[in-house]
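Okay, so chain A shows up in both of these, paired with chain B first and chain C after.
Up next, the complex of A and B:
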């Protein structure tokens, strides 16, 4: 944690309200997000108990499994969930835009993509498990399920995989999205409780964030946001209701289970929309739109793969696949970090504190300075900046700047509060600098040793050529014979 | 040791199950817990009486599921378990005897059962035939700060040739070779307690404790089925932590000696077991031993809400977690850190660097926030 983030937490303790960690929103926020709150039966890996889902805050859909240990009821739940999610995914594939590209055929890309928002990390893991437990099912043969079930499984798997990709917003955990933008006066462990996190950021009138957060820890006031339910609720309410259903299999008994889980889900449902509202108060960062474009490309590619009847995602990455995936993820993370810093002075601040970036005022320039002879002669302006930041950069270090994103500079010398830079990239071919290309004396500038190597894709690649910026190629499928029979019990 | 008894009051020491012992290693720096645990104080009841009931509960569904899975694995004399062990250890175990150590007849005390376990283990350690033997319901013993803690693992000790393995049965699923890391870590910590107890028993009996393998066999349901699968887990790191913590607790005497002689955590239960000790008094007693709160306490210690409130009242930076405390270079209170940040406080010796950083952070925050 940076000193800045730590200081923000201290201030939150002191003032009793959450402090901003960002001036702009670094995740994309859809106009019509799908909120999904799954609950799981305690003690089971992926036995759904209930879920609340929908795109309209006023009309949540409640799905219930009155006996979560019943395999048929589980798949009925999956089919019902598919009824909500698949039309949402499919509807978004209809409107496309043509993306022109140099030296190749233009291609079609969906103008929007789904955004599924779940309460927290636990729910993301549950989406992945639910995807894993349904994508290998078959609509015919032994243990046949509704044809929508395996399709749902593949979508959920796609979303869960994509959620691991730095900066992707297709599947968002509300707690993580909020924590990226606000610091509370509690520990990160406690921030995983959505009710207490929202309490810090947006306490009800007359309450401090701190007291709202404490209140949020009472499971009777704020039931856990799932997928785990409150053990007290399990003992006192849920267990008797499920037992009654088990004995009678009546609609009345099923309704009793439904009412029980509704009481646990509704508070979280409202909380989720409050969280979305809070994120919406921040203006979108430019980088968020660029990353969403990557999400749209990825969504378009996956939808095409599915339409062509491609096989379900395999159970595991091969060793080689896993290693190269890790390397891709690291680069993607570095890129994502850099983009956020260039988009947001509050994020950049952390790098200024460690000396990897600095902000200051230009005191001198040599805008028309050149290097080299004859045809190799190039424009290499010098800029001297005065800063009081504790710069820790070696001569020769490459720097970027939020003010001129296409440019790169190199540290020439550091002398006390004066840093001399040479602009080495993005000056064009001319022998005189275009107006505004070189900062002028008196201008406030910021330079950072962060490189953002993200290149917007020139084309829609074949699925197997999906570049790392878009999640990489889909791994090869290796069918296992026991798949359809594999129990889900 | 009567000093520890006095701290606890006239009730029997609370037995430490493996879970409690495993949790000892979670916050080794906390004197409060070391003392309470060494004295065998019922922390759960203490927390409840203080008005800060522990936030831990277990769902009946999880309990049912755990029991069902365990009986599946142990069905017909552990037939399924034996199959898994053959596969896992790659050994042609032709036959394996199954001995239920819990089967002593009547309703024997822990001591009786433990000596029964000892006797059979001693015999087993002398036998060196190739047939395997499974020992179910062993009752092991571990010395904790001078008290014997009896452990009844939901595990089986398996002997093959000269070696013993601890088998731990857990009902969390392993899906495509992966399980929730927290759960695996907790299982490894618990299994380490059993390994250590078994090692000590063998050593007491004059056998080589290294005959207990530090690789435990973890049996979990695989994927979404109920079918069990076994994995070897190396618990050496957990063993090391546990040994260190037990040694620390054995030295708890030094901490206890510093405490006022009249100090006690006695809840003064009435005939029905309802505590009658004035809460304010108990609070003072508990506060009389230094705590070291960390957010991890929230998942490991019954007193967590009490200690969190205390840390909060003191404005301690411990409240915010290790990461924040590290970023603050160990500055102890929120007021102090904020004072250093806005320059109203002159840094003490050794605080110059963190003060400079905090002031800079404060300036930048004001500039852009």
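Up next, the complex of A and C:
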């Protein structure tokens, strides 16, 4: 936690209301998000009990597994869920745009992508497990399932894997999205409770955030947002209802289970839309749109892969796959951090406090300064900034600036309140700087040791050329007949 | 009884003998055990066979250091250095190696040295031999990118130092034998368990006062000894002190090799002003007292270049620098002090003033690097209350299936070092 975030939390305790951690919204918010609230049976890792899903706040669809221990019913649930999710994913693939690229073939990209919003981190993990348990199923042979089930499994896996990418908004956890923008007066562990988090941020009239959050701790008023259910509800309501269904297998008994879980899901359903409304009150950050483009590209790519009939995602990454995923994730993390700071002065303030960034006034410039001689002569304008921030940067550190994205400067010297920089990139070609590229005396500027520029990593070997140090080439993938049979099936 | 020197040289001979017999050979080297010497010797040995050799180091500085050593020890061997386009050639390697950004630019030297990152871009040729230096600090995904370049390799490194790290959550690969976040050696040995692993048994850097402490805390199952005896190294001051707490801490360190300068217990921000001030004053006071070392290298004054200050975070380093440190004294993070050697070190304890002990701060490698850079003495600056902090934060990491248990445990190593330091405690002067 940054010092600034700690201060915000203290203020929240003191005032009883949540404090803003961001001035803009750093995640994309779709116009038609799919809210998905899964519940699972206590004691089971991936046994769905119920789910509420839909894109219309007024018309949630309730899916129920009246006996979660029955595997056939579980996959019937998956098929029902596929009926809701697959048309949503497919509908978004229809409209595409052509993206031109420098030095490469233009490609088609969907103009919008799905956004599935779940209550919390636990639900994201559940989406991943549900994807894992369904993507290797088959429509024929032993344990046959509806053909839409393995397709659903691959979509859920795609979403869950994408959620690991820093800055991706295809699968959002509501608690995490809110915590990114507001600090509450409770611990981060308590922030994982959606009801108390929303209570802090948007208390009902006449209540403070703190008292709203206290009320949210009562599972009878605010049932847990899942995927785990309240143990009291489990023993007193759910267990008898499931037992009754087990004995009679009647529609009436199934409806009793459905009513029981509906009582648990409906409050969360309303909370989810309140959370989306709260996020919607913040203006979108420019970087969020850029990252959403990445999400759209990834969505388009996966849809194409699925249409071509590629195999389901492997259970584990191979050596080469793991290394290349790691490189992509690290790149995403670095550019996510930089973009957030450049988009939002409040995020930048945390870096200013640690001395990795500073804001100040330009006191002197040397816009025509050059370095080197002859053909190696380069334009290197000098800028001296006066700042009262505690600058802790070593000479030679590369800096970026939110005012002039794409420009890079290098710290030359720090002398008390004066920081001298030389601009090394993005000030124009030739021996004179582009007008406006070098800040003028009197201008307020901000510089930070963060760049969202990346160097492409060196290429990895092809998977079939995995070297001996990493176990050699992996065996070729061939869908085994016994694949649907797993230890747990 | 065999002398330490004979013991160490027997290991080196065994390593060289193993080279042609195996596809890979691993050498574990505790701090200051002559890792570079081994690399240089092995390089000369392999170059003498007439087959070309590639050497992989992790940072540009390590590459330059190796070139200097190679040129000194094997003047007849031609050396090439691959570098990035914006690499500024330092004075010390001028004329010692041909330098270029691409392999064909180098001519055809017997030995080519470059960083792992640079090697990843140099395809198009395979080498019969490679030496991977600092292999425990190399992430296995880097090795994956370059392992196709060589047929056989010698991996040398210090298992006790910092593990490679990442800024993202890598749990999804935990337990995989090719986990990209594991070190190159860990992955290599999991896939090739039959490869020989040698250990250098003697630390030539650490004095007799430090070797047992570091060995017990950080290398509990593969101990090492000091190359010098208890009386062989001494540190003394030619200028008298004033019996201040700073002076007493320095005198304690000079007499016993260790001192803990303890500030009163308090929760602070990372750049704890009082601790930072204490570190800076200790460094200044140390040099004011004109220290002199006596060792197997003879009698030498301690110049600022022989003193280092270490901390866990970059902002702490910047704060210490801003607090005023004598010119020429190195101030850096544990990551960047790896592989370096000084006469006296002053370190800011990673857990000083903290409210929690995170995995980052508990990583045993961090403390190990900081506590094993010195030839004579080490002064630790810390707030009181670290043992209590450790007790409140037992290691509670999730247990992952298939992940080999790693020793030492950071929590235990921290306790072991603190237990030793408690015998060398000097209470700080009350703030004015």
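One rule holds in what follows: the second predicted complex is superposed on the first by the 443 of 489 C-alpha atoms of A that agree within 3 Å, B and C clash if a C-alpha of one lies under 4 Å from a C-alpha of the other, contacts with A are read in each partner's own complex, and residues count from 1 in each chain.
Criterion: contacts are C-beta pairs under 8 Å (C-beta built on N, C-alpha and C of every residue); 3 or more make two chains touch, one makes a residue touch a chain.
Quantities reported herein were computed from a predicted structural model and do not represent experimental measurements.
Q: Please indicate which partner A:235 is in contact with in the superposed arrangement: first for chain B, second for chain C, both, or neither.
A: So A:235 only meets chain B here.
Q: Tell me which partner touches more residues of chain A in the superposed arrangement, chain B or chain C.
A: If we count touched residues of chain A for both partners, the winner is B.
Q: Give one of first, second, both or neither to describe whether A:164 is in contact with chain B, with chain C, with both, or with none.
A: Only chain C is touched by A:164; chain B is not.
Q: Between chain B (first) and chain C (second), which does A:189 come into contact with in this model arrangement: first, second, both, or neither?
A: After superposition on chain A, A:189 lies in contact with chain B alone.
Q: Quick check for you: in the superposed arrangement, does A:316 touch first (chain B), second (chain C), both or neither?
A: Both partners, chain B and chain C.
Q: With the two complexes superposed on chain A, say which partner A:153 touches: chain B (first), chain C (second), both, or neither.
A: Once the two structures are laid over each other on A, A:153 reaches no partner at all.
Q: Name the contact category of A:3: first (chain B only), second (chain C only), both, or neither.
A: both
Q: In the overlay, answer first, second, both or neither for which of chain B and chain C A:334 touches.
A: In the superposition, A:334 touches chain C alone.
Q: First (chain B), second (chain C), both or neither: which does A:11 touch?
A: In the superposition, A:11 touches chain B alone.
Q: For A:46, is the partner it touches chain B (first), chain C (second), both, or none of the two (neither)?
A: first
Q: Once the two structures are fitted together, what part of chain A is touched by chain B and by chain C alike?
A: Shared contact residues on chain A: 3, 316.
Q: Would you pull the chain A residues touching chain B in the complex into a rising list?
A: Checking each residue of chain A against chain B gives 1-11, 13-14, 19-20, 23, 41-46, 125, 129, 132-133, 185-190, 217, 229-232, 234-235, 238-239, 315-316, 345-346, 348-349, 352-353, 389-390, 486-489.
Q: Can you tell me which positions in chain C touch chain A when the two form their complex?
A: So the residues of chain C touching chain A come out as 23-24, 117, 120-121, 140-141, 143-145, 147-148, 166-170, 172-173, 176-181, 184, 187-188, 191-192, 269-271, 314-315, 318-319, 322.
Q: Hey, which residues of chain B end up touching chain A in the complex?
A: 55, 57-66, 171-173, 175-177, 180, 221, 223-227, 295-296, 298, 315, 317, 319-321, 323-324, 326-328, 334, 337-338, 341, 357-358, 360-362, 364-365, 368-369
Q: Under the definition above, what is the set of chain A residues touching chain C in their complex?
A: Touch list, chain A to chain C: 3, 164, 166, 316-320, 322-323, 326-327, 329-330, 332-334, 354-356, 392-394, 457-461, 465-472.
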